[in-house]
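In the two complexes that follow, subunit A is the common piece, with subunit B as its partner first and subunit C second.
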Partner chain A sequence: MSMYLLSAHDISALVTELQASYDVYGPQVEPQTKQVFFDQLASAEALDLAAPIPSMPVKEILFPQMERILKYKYDAQSQSVELSKQYFERPKVLFGLRPCDLSGILVLDRFFLGQEFVDDVYLTHRRQCLLISNTCLHPFPQCFCVCTHSGPDADEGFDLDLTQLKDGILVRVGSEKGQALADAHQWSVASAAHAAEFKAVVERSIDLFPELATDNKAWVAKVMNRITTGFVKPETWEYIGDQCFECGACSFVCPTCSCFNIEDSATACGECERLRMRDSCSFEGYARMAGDHNPRQPVEDRRNKRFFCKLSYPQSKKYLRPGCVGCGRCQWVCPGDIGLPNVVQYIRREITGGQN
Partner chain B sequence: MANCHGNHEHGNCKTTGLCPIVTFPEVVNIDEIRDEIPEVKTFYLSFPNKDVEREFRIKSGQFIMCTVFGAGEFAVSLPPSPENDRFHISVRAVGKVTNALHALKPGDKLGVRGPFGNGFPFEDIKGKNIIYVAGGIGLIPLRSSIVHALQHREDFGRIILLYGARSSQDLMYQPDIKEWQQNAGFETFITIDKPEAGWNGEVGYVNQLIEKAKVPVDNSVAFVCGPPVMFNSVIGEFLKRGMSEDAIISTLERQMKCGIGKCQHCAVGRTLVCTDGPVYTYRQIKTLGEQI
Partner chain C sequence: MNLAHYKPCVCNLCGTGCGQFLNTDGQRVYGVAPLITHPVSKGKLCIRGWHANELLNTHERITTPLIREHGELRPASYDEAIAKVMSTLQTFKGEAGEIGVLASARSSNEDGYTLARLSREVLKTQLRGIGAEAGHRKSMDSLRHAFGYPGAHGSLTAIDHADYILVVGTDITRQNPIIGGNIHAAQRRGARVVTLSSSRTQIAKLSTKHFQEKPGTLGLLVNALGKSLMAIRTVNHDRRANIDKLPGYSEYAASLRSISSVALERASGIRYEEIEEEAKYLEHAKSVVILFSSGISGLDRPTIDAITNLALLTDRMDHPHSAVIPVAGISNLQGSFDMGMSGELGNSVFKALATPDSAIKALLVIDHDDGIIRDKARIAALDFVVYACAYKNAFMELADVVFPLPAYNETDGTYTAADKRVQITRQNVDNKRGILPGWNLWQRLAAAVGHHWGYQDAAHVFKDVAKHTPGYADLSHELLGKGFGQHWNPKGFASSRQRQFNAINIEYWEAPTSPQFPFALMIGKAQHYWHQNNLMRKTIVPRREYDQTLWLYPQGYIEISPDDATRLKVKDKWLVNVRSSIGTSMKIAVKISPDVQNGTAYIPYFIKNMISDFLLPYENAYAAGEESVIPIQIQE
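Now for the complex of A and B:
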């Protein structure tokens, strides 16, 4: 893997240059609220590579909360219909992805593009995307990517990867597209000392993870085992299900949750649009059929579905990794106490009889 | 022009060369509407685009996603045989979209995506006896396989249909049934729940026909579709007679939004009904760990 060393000024220049042919998105801090959003950059100055993990996952750009995929107009008089496709391709750069969010995109890629069918809508957003990741020099509260092997540094899937070192920003190249950019700019090649410093920076970051995270490391694999084989006691699922308010927040903030709903709705001008919007398996109506037949009534059935999605072997076969990328956002937003790290804890307690 | 709109990136395009209509619905015309039984109508359809029509090939047991313009999309089984049959669907009006469909007239247009789903086995069951067991509108998903098997009569052993409905008014596909009853190679047993004036067929529940028909269990497969109560009693009867759990085949119904394994609404246990199903063996259904 080739490595280069860039200055902060080189990075700004790169952003500005890319903006000529791409929509460039990156982390930026909202001045009033200090919230971090991963959004389209108005200019290179708006980019803040030191900003903490954004509160919403980057999937918003590739798999929006709600999008129109189709428009049609039916004329009952002439019995004719006009249909038009509503999703379009736009080249994008995702600049400064946290490694967990990058892993989240890889999970969505494998799910939407790698199964029996290819999802045309996702593919259209994803084609012509440049992914530039950004090593975390220290974890943020709730981070536990060390348990799920998705941070604090990226090891696959990026075109370019950035790490802040003492002398400048280390750029690691991860793809031909990334290499083409490096060659076109004749960036200065990084030394062996820089490569060693990169290793040390990552080691230091790993040492800074909170105890809960490092302590849970081996347990994630054990819990996956239990969930896959169905060895988690019904009481434990009930304990977990009892704390779910069915708000859906965990699904909306999770970089790897991909469920959606489709609905046709009339617009003011006699047209109809087909909307595709994110959905959550925690909602009671999720599996309900006509005549109010609901095969998945109890809330713990629906909760156990989410954790099965995140932590089980059949699911990781689809993703080529666990479904959880350790960003900790669900822990952040859950009004109950059943963010993913806590669920690991509860199952762990069950296994050890409350010892640990 | 391929029905997958040219990208050939989907599993079916690669494995079978048959490209389904995946995302962008293809327009079909309603040629004719027939009242089937109370609340159920059959819609005969055709594609104005003849290229699409030529490439639109189905397997028994598959389904399509059907758009009623202005109302939405719903999943519906394909009752026609894959060979030499008219393209049609039979729909019960139960809610928003299906009621909107029932309000349409011949000449109105619908949208179609698909066909989707695994379908019933056909090649694997050659040489065996086939027992079809249907309750009420459970005959809709079985019709395709029945007609297809009869078109290849010499490939199978005995072919038996056990069909039950609440009353003689509730029997689906009556013209077909009349024809089937004339067919010497097809043993049909039709029953209604209660006696009726003018009815000289069987009376009682479908599971009681199993005894009557002297259903063979060796070298046989059973296709069972109907309401859960019927399903359970029929399965119980077959198992008691020593039929293998792998030889009992049924279809599952779940809420469906995409039909292509992405929205996850149809998840049952570890499988997705739209891509892993809707056809399952009883052994698989048993291990899904969810209600039918």
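Now for the complex of A and C:
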């Protein structure tokens, strides 16, 4: 892997240059609330690579909460239907992805593109994307990517990867597209010392993870085993289900949750638009089948479905990694306090018989 | 630099007032994100808040003024519609009770204030009201008597620090989920959370202690807790308390003393010893938060009085982490009340409509919530009806003139949450169709008959609000734009330092059930959507969720306990005949629920036929709100 060393000015110039031919998105701090979002950059100055993990996952851009995908119009006289596609390809740069969000994109890729059917909407958003990741120098509260093999540094899937070192920003190249950018700019090649410093930076970041996260590392694997084999007691699921407020937040902020709902909505006489919006397995209506059968009516059955999706071997085989990327956002947004780390904790408690 | 797409605002879908970002390009809204630093919601939203984008994208909007001509509504210009409305309304006598104005609890303070001005100064009518206020006035009257001002005592953020949290009645994780979540978090950090509720609601399951009383005895239970607390005080003379010097104390104490533990147990099903145990925790708590639901499915006055009295009796109400909060289901119920849109007693619009020989001839209605319209025949028979709303609604069919209004993110406005927190939402999408904000529409109506108010924008209106509304004096749009709002100041009321007990009567409520009608039927047990059908039916995912139970129980359902189902020899989804003691009846499916106690039955509030055919004849059931009980028989 080739590595280069850039200055902050180089990075800024790169953003400005890319903006000429791409929509460039990156982490920014909302001025009034100080909340971080991965949003389109108005200018290179808005990019804040040191900002904490964005509050919403980057899937906002590739798989928005709601989008219009189709419009159609039925002409009764000629008995013809006019269809028009409502999603369009725009070259994008996702500049400064946290490794967890990058892992999330890889999972979504495997779900939307890597199976029998290719999702054209997702493909259109994803096709001309340049992915530039950014190593986390220290964990943010509630991060536990060390448990889910998705950080603090990225190891696959990026075109370029950035790491802040003492002398400048280390750029690792991860793809031909990335290499082409490096060659075009004739960036200065990083030294072996820089490569060593990179390793040390990552090691230090791992050391800084709270004990809960590092300690949970083995437990995530153990809990996966439990969930896969179906040995989690119903009482534990009930305990978790009782705390579910059925808001759907966990799915909406999860970088890997890919479920969606489709609705055709009439706009005018004979005219209709097709909306696609994120859905969540925490909702009762999500699993209802024709004929009113609902295999997952009780809330605890819906809850365990979610954790089965995030932490079980069959799902991991599909995604080639665990369904959870350890970003901890579900813990932030859950009004019932059953974010994934807590669920691991409850199942762990069950395994140890309450001994932690 | 402001972000390209994420704009902060306040969720407008219940009275909690959660912080919310809308993901918008200034034309349309694509998504929602929670606001992490918001002091109340702290980065959480409920199913309603998370789907605000669906509501804001609905095509079921009113987009232009409409005038009814030859029985059909046709588009009209503002000039024409305004002229028509004012020339017609001038033919009625407001002073004589011929014009009624029914405001919305979802309108901004600016809209509410100007509507109140229009009603008072131009239409000159006393006949005012807020669509969903029914129970809120009772809460306000009781709080005003107890604390000296009509509003919540303390802040919702007190939940995060209080030692003791008492939830009276409300199914709060459904009605105001984020408040419910904060209570749950408080329980997990070690606060004692106690729920009084006749059914095993989610918050009951998440509480430290749940008292599952028999229906109709909430107030008695709260008073019994007061009695035990008073008894402990009598023993512990070291308590500082000058509570006994407050007006009304001796009468209150005498009433409490008269509670008989035997009668209490018979009426409520709760043993007095259990309450005595509970009172010990209450006595030791340094800070106490009490929550109850207020508004259309709120509590009756005696129960609210029992609550405010207990709050005073704890002697902890001056602690910064104590609070008594009437939890509102609609975003600006408190604000609409503050703006003076609540009808004075005896001037209820609903009463005027229900009274056959009342003088009412014309009606101006804003944003009618329910698909269900009470007194529909009477409204249809009125001479003139004006309706204004952002969204299409069945009420349009009754209107002679219809005005559009902007959605909550299409105009600047302030909203007052259940705990008096006043917050601002700024316009974050273009108002493409040039829809007049409410304040400007009311201003134009007034101007059409020579009343010129001269408001330039919503901030200008708010200056007047601050000048004329007690408690709002320190507030301005500029100030509110800086943080996450500010509570209005109780010191705006001269009596704000006053504390006094409400007069109570101890009644051992006997269930009106009989051998012939053995079940106590309760209405108003909430689903996710409470009574905001008009809005929730315009979303996609929440609507689907709302419909879940209706798909399973297309004719609606009545919840009964597993034991009662066995006794009646019925199974889940079987149809039964439900007959009430006044003779109304309906066919409805059974839903068997372990959360319901034997001898009680619940019907959710939102199912149309039940309300119109079965419950509406029960005027008292509406009045008593959450605690109303109807004796019924259930037959296979």
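The criterion applied here is as follows: the second predicted complex is superposed on the first by the 346 of 356 C-alpha atoms of A that agree within 3 Å, B and C clash if a C-alpha of one lies under 4 Å from a C-alpha of the other, contacts with A are read in each partner's own complex, and residues count from 1 in each chain.
Criterion: a residue touches a chain if its C-beta (ideal position, glycine included) is under 8 Å from a C-beta of that chain, and two chains touch if they have at least 3 such contacts.
Please read these numbers as outputs of a predicted model, since none were measured by experiment.
Asker: Does the subunit A-based superposition show subunit B and subunit C clashing or fitting?
Answerer: In the superposition, subunit B and subunit C stay clear of each other.
Asker: With both complexes superposed on chain A, which partner does A:Thr352 reach: first (subunit B), second (subunit C), both or neither?
Answerer: neither
Asker: On the A-aligned overlay, A:Gln65 touches which partner chain: subunit B = first, subunit C = second, or both, or neither?
Answerer: second
Asker: Please indicate which partner A:Ser7 is in contact with in the superposed arrangement: first for subunit B, second for subunit C, both, or neither.
Answerer: After superposing on A, A:Ser7 lies clear of both subunit B and subunit C.
Asker: Taking the superposition as given, does A:Ser55 touch the first partner, subunit B, the second, subunit C, both, or neither?
Answerer: second
Asker: Tell me which partner A:Ser21 touches in the superposition: subunit B (first), subunit C (second), both or neither.
Answerer: Touch partners of A:Ser21: none, neither subunit B nor subunit C.
Asker: Report for A:Glu263: first if it touches subunit B alone, second if subunit C alone, otherwise both or neither.
Answerer: Both partners, subunit B and subunit C.
Asker: In the overlay of the two complexes, what angle sits at the CA centre of subunit A between those of subunit B and subunit C, given in steps of 10 degrees?
Answerer: Result: 80 degrees, to the nearest ten.
Asker: Touching A:Trp332, do we find subunit B (first), subunit C (second), both, or neither?
Answerer: second
Asker: For A:Asp279 in the superposed arrangement: first (subunit B), second (subunit C), both or neither?
Answerer: both
Asker: Is A:Asp242 contacted by the first partner subunit B, the second partner subunit C, both or neither?
Answerer: second
Asker: Look at the superposition and give the distance in whole angstrom between the closest pair of CA atoms, one from subunit B and one from subunit C.
Answerer: Nearest C-alpha atoms of the two chains are 10 Å apart.
Asker: Jot down the residues of subunit A that show up as touching in both complexes, subunit B in one and subunit C in the other.
Answerer: 261, 263, 266, 279, 288
Asker: Can you list the residues on subunit B that touch subunit A in the complex?
Answerer: Those in contact with subunit A are residues 5, 7, 9-12, 22-25, 27, 67, 69-73, 94-95, 98, 107-109, 111, 253-255, 257-258, 260-265, 267-268, 270, 275, 289-292.
Asker: Provide the residue numbers of subunit A that touch subunit B in the complex, in ascending order.
Answerer: 69-70, 72, 74, 76, 79-81, 83, 85, 111-112, 115-121, 123, 230, 258-264, 266, 272, 274, 279, 281, 286-291, 295-296, 301, 305, 308, 314
Asker: For a test of understanding, state which residues of subunit A touch subunit C in their complex under the given definition.
Answerer: 28, 30-35, 37, 39-43, 45-46, 55-56, 60, 64-67, 242-243, 245-249, 252, 261, 263, 265-268, 275, 277, 279, 283-285, 288, 292, 294, 332-337
Asker: Taking the complex as given, what residues does subunit C use to touch subunit A?
Answerer: Residues of subunit C touching subunit A: 1-6, 8, 19, 21, 23, 30-37, 43-47, 49-50, 53-54, 57-59, 173, 177-178, 180-182, 184-185, 188, 202, 205-206, 528, 540-541, 544-545, 547-548, 551-552.
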